[in-house]
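In the part that follows, the structures are each spelled out as structure tokens.
Below are two complexes that have chain A in common, paired first with chain B and then with chain C.
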Partner chain A sequence: MKKLRLFLIENSVVITFIVLLAIAIPASKLPGQFLLQEILTRLGRSSFLVISLLLPIMAGMGLNFGMVLGAMAGQIGLIFISDWGVIGIPGLLLAMIISLPISVILGWLCGSIMNKAKGREMVTGYILAFFMNGVYMLFALYAMGIIIPVLNLELLLSRGFGLRNVIDLINVRQCLETFIPLKIAGVNIPVLNYLIIAAVGIFIVWFRKTKFGQDMRAAGQDRAVASAAGISVDRTRIFAIIISTVLAGFGQIIFLQNMGTINTTNSHEQTGLFAIASLLIGGASVTKASIPNALIGVILFHLLFLVAPMAGKNLVGSAMIGEYFRQFVSYGVIALALVLYEWKRVAQEDASRAMLRGGVAPDKGKVNTL
Partner chain B sequence: MSPRSLFQRMCVVLALIAIATFLFYIGKGHTLFIDTNALTVGDNELRSYASATVIVNGKKLNSSMGRAERSMVVVGGPKHTIEIVDDADTDRRVTKKLTIPTFMNKVIVSIPAIIGDCPEEYWITPFIPPSMVDVPVEKMQQQNTLP
Partner chain C sequence: MDAILSFRDIGKQFYGNRVLSGVSFDVAAGQIIGLVGENGAGKSTLMKILFSMPEIHETGGYEGSILWNGSEVKFKTPFDALDAGIGMVHQEFSLIPGFTTTENILLNRESLHRSVLTDIFSTRISMLDRENMALRSKKAIAKLGVTLDPNMLIKEMPVGHKQFTEIARELCRDKVKLIVLDEPSAVLTESEAEVLLSSLRLLANEGIAIIFISHRLREIVDLCDQIVVLRDGQKISELPAKGSSVKTIASLMVGRSVETQGQTDVADTYMNYGSSEPIALSVEQLWVDMPGETVRNVAFSVRKGEIFGIGGLAGQGKLGIPNGIMGLSPSGGNVKLHGKPMQLGSPYAALKRGLAFVSEDRRGVGLLLDEGIDWNIAFSAMQIQNKFLKPLLGGLFQWRSDREMLNLANEYIKLLEIKCTGARQRVGNLSGGNQQKVCLAKAFALRPDILFVSEPTRGIDVGAKLVVLETLKKYNSEYGATIIMISSELEELRSICKRIAIVYEGRIEGILPHTAPLDEFGVLMAGAKSETQQGGRSEN
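Presenting the complex of A and B:
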């Protein structure tokens, strides 16, 4: 009974979502083939971004809200290839190479700042993303066309500088999805996307086994012990954020090539929140996350995305109610996961303190012996 | 930073620049305007087939092209294959390889020049859009009568 209770508590978020979907999928009356096609497409589109969050969690830095910085770098790469007219998969690879140094610099900056705010990495990353958004806006709305020459005038606003609000990615649109065409029972399978996701998954698994990966885990479990063991904790943490930022940049490129357009000023804004919500819905926590968590999270999150409006329409006559409900549940889960994490942490601290004192935990209502 | 480490990092940076340059070269997009307008070379007037199917890099254009028509296709990279098939006699087909300069974004590909076995410089020409002419207000024509 205790094991069952523990299992339910550990997996409360996943179970909640499965129950919600069990109600919403039949209520939506959407055909199964449609749902399968959409999920396969969205899994290929979004998983890379979510997987990019794993390393900072391993390094004990929590959920990397600073991944938005990588997303900005990815968008800058896509803007340049749109300007230069480089098309297809070479265009995507070039965008990734352009984003790489920008991501490394931003990741280093983010990691350095987070090292000065140990224990508050998540809120620091969140605010840092707002700050860098301003710098990005300066780049997109002022520098492009004045400081940075733009060859394709269609990208610029009519005033002669600053990028338009929407940039068409027609030259690279869905080139990954269509590179290896495979259709089974009327369902298109984006094979190349899955191969890329498998490659990044293998990279993460391999990286964990390397000495640097072990250092990262040690730093994540206990900074003081890791430091005493001769591990350069600060350097390790910076590397975790740099890798995460670089992967987030690549992930944003994969995501946007599937969508086919860049919303210049705000495509990156929701990236962090969306990826973090997906990971938490998949059963991850602030201190523990795995590749299955990322994949399960993307599937559950997107299924709710798909079925909630139609379920809302069929149940209460308004698609908007379903969509509001989905937003409330999806993003509320971030708050729930953070509260659960904090609650567990405080409980563990109380228990260990009580053990040291030789008494019982204070939440039992008994007086501790000092 | 040790000299060895600096050297390794320099090598990585140079390798990335080399890869980026190569990707730019093989991925640079070109807009081809496949053109079947008659072409005069010397004293010869070259004409396209009355109806021709044009295949660029193995992909057939949406519809057959008559004389004096233009179709657009976007391709990536410098080297391409073009195949022109006469719809009246499918055994009459011409296959040629085109090389497009990297920085030529919009190109007119002349089908009569390719069919007529002209030198390569006649096959492709840069597309220069007609420039807008500013006409003084007093010279502007106004339509006074309704149709």
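Presenting the complex of A and C:
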């Protein structure tokens, strides 16, 4: 009974979503093939971003809201290749190469600041993202066209500097999805996207098995013990954030090439929120997250996105409820995960001291001599 | 036997406060040295010097010299000491909870697979060689003569296994020659402790020297070859364990020099006190979960108008008793106040029932540091008893009466000789002694029936100490209040309490009259009484 309760609490988020979907999918009356196509596309589009969150969690830094910095770096890469007119896969690769040094610098900055605010990494990353958004705006709205020459005048506002609100990524639009065309029963499968996601998955698995990964796990579980053993905790943490930021940059490039346009001023804003919400919906917590969590989360989260507007329309008569739901659910699930984490931490602490309570002798441990 | 480690005239002072002077002794290969002494005797400072902890350099280094393998060494960091072959097992476990035994034993010393990437970048991106790691950890565990599951997670282990994992980690270093164990058996059950002791003997036979620090004198006598007794920073005695009794060591630890001081004058203070008084507070089966001061099962009762003392070494649980009864730490058990059961776990309920507590954590629990003296003194009385409040608009609002509070503060400033610029001075700017007086005044303002005073003279000067103790006595005789005083200073307890309970490992080891000889207290504090009894039982 107690085990069942524990299981229900541990997986409360996943279970809630499955129940919600069980009601919303039939209510939306959307055709199955449509849903399948959308989910496969969205899986290929968003998973990379969600996977970029895994390493900081392993390093004990919680959910990396600072990944938005990487998303900005990715967008800067895309803006440059749109300006220079580089098309197709080479264009995407170039965008990634441009984003790489920017991501590394931003990640190092973010990691260093988080090291000064140990234990409060999440809120630090969140606020840091707001701050860097200001710097990004300066770049997008003033620097482009004044300090940085822009060749393609169509990108600029009519006043001669500053980027337009929307940039059309016609040169690279969906070039990953169409690179290896595969259609099964009328459903397009983005094979290359999946290959890339598999590659990053293998990278994460390999990384965990390296000495660096071991240090990261140690630092994540107990900073004091790790540093007493001679592990340089601060460097390890910065490294985790740098990798996360770089991956987030690549992830944003993959995401936007599928969407086909950049909303110059706000494409990145919700990246962190939706990625984090997806991961948590997949059953991850602030201290533990896996690749299956990421993939399951993306599927559940996007299914709800898809069906909520139609379900809302059919049930309440308003499609707006779907958009409302999206925000509501994202913030709600993050709040729930944070509360659950704290609750679990306190419960565990109590449990670990349980033997000291109740006026009984400590648990007789079994130690056998050879 | 040649000494592998020698301390020569080690001395150390922290900001003019001398904690060690002229300590010398040798440790030979394969020898087990027991290091004993009361809290503050200098044991941990000595070990910090050996390991060259940063706090030693930061406070101006140490005097004397340390010889390792016959030549003088000055380690720059703890890691240098580890590299030289000295291992340390700490009192608190420094293990990673989510790692396995093997991973913890080899923390940051993992075996690695080399690859091309390693040559290009750094060794940190090589994969771990799990097979070799398992092999190495098994070897280290085997040296201890116990079986541990190499793949078990630390957080799922019984405490004893954690202790062995930690020792195995030190053994796993290639050339470890000396291991320092700081209170390794404090958290172990009796059977676990026995296994630990036989493991340590096994290690000593292999030629590894051991410095064993423990409050369990029975273990020290059983295990060690040589015993070094420290008191007040000096080596009092070094004697072979064979033939020494727990009692001799206990009295060496506590010291006899002050035995006949300050006992006669107190007796008459208690002329009025008699056993006919009703029981004010009775405590049964009390447990308190206070980190570092766990109370497991405590029973005692205090009569009305009594000053009752609770003593014992730090970490044994004496501080947990008042914190548990007052509801500051999770606690349970039967506590009866004037015969009626008391609700535990709520400071408000305890205060409401006429209990008050002067906390050992003056700055954290006792005072509002940014407020004035008047506020601090009146605060609890205002919150709990609605004192210093005047009704406004027919009682619709309660208004604070600043003048009454000021008068009260001035009264106590005079009474307790609080040195300050005025009743409105920020408490944070007062000296420790004066802060303590404010804490007392705050408790007195509640006019409690039963007053808990925890470490009332810790960190304050002699003059203030006297005033504090005198005031306690006065409050007791004038108002007939019951006072329960918890203190690490035995002399202080003996000077004002009639009965003194000694706490050991979360239990009351015994209650003695203040006139009992000092070595009897020493035996209780070292837990020697129950251990001799237990020893007797297991022989039967």
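Methods note: the second predicted complex is superposed on the first by the 343 of 370 C-alpha atoms of A that agree within 3 Å, B and C clash if a C-alpha of one lies under 4 Å from a C-alpha of the other, contacts with A are read in each partner's own complex, and residues count from 1 in each chain.
In this section, a contact is a pair of C-beta atoms (placed from the backbone, for glycine too) under 8 Å apart; a residue touches a chain by one contact, two chains touch by 3 or more.
What you see is a predicted model; the values in this text were computed from it and never measured.
In the superposition on chain A, A:Arg345 makes contact with neither chain B nor chain C.
Once the two complexes are laid over each other on the shared chain, residue contacts for A:Ile97 go to chain B alone; chain C is not touched. Put simply, more of the residues of chain A are touched by C, taking chain B and chain C as the two choices. Contact with chain B, but none with chain C, is seen for A:Ile87 once the two complexes are overlaid on the shared chain. When the shared chain is aligned, no partner comes close enough to touch A:Lys29: not chain B, not chain C. With both structures placed on the common chain, the touch criterion links A:Gly230 to chain C but leaves chain B unconnected. In the superposed pair of complexes, A:Arg120 makes contact with neither chain B nor chain C.
After overlaying the two complexes on the shared chain, residue contacts for A:Asn171 are found with chain B alone; chain C is out of touch. Taken together, the two structures place no residue of chain A in contact with chain B in one case and with chain C in the other. Residues of chain B that touch chain A in their complex: 16, 19-20, 23-24, 26-29, 74, 76-77, 105. Those residues of chain A lying in contact with chain C across their complex are 206, 209-212, 214-215, 217-218, 221-222, 224-226, 228-231, 352-353, 356-370.
Residues 84-91, 93-94, 97-98, 100, 171 of chain A are the ones that touch chain B when the two sit in their complex. Residue ranges of chain C in contact with chain A, taken from their complex: 79, 94-99, 103, 107-108, 110, 112, 123-128, 142, 145-147, 155, 157-161, 164, 187-189, 191-192, 195, 198, 285-287, 289, 294, 296-297, 330, 332-333.
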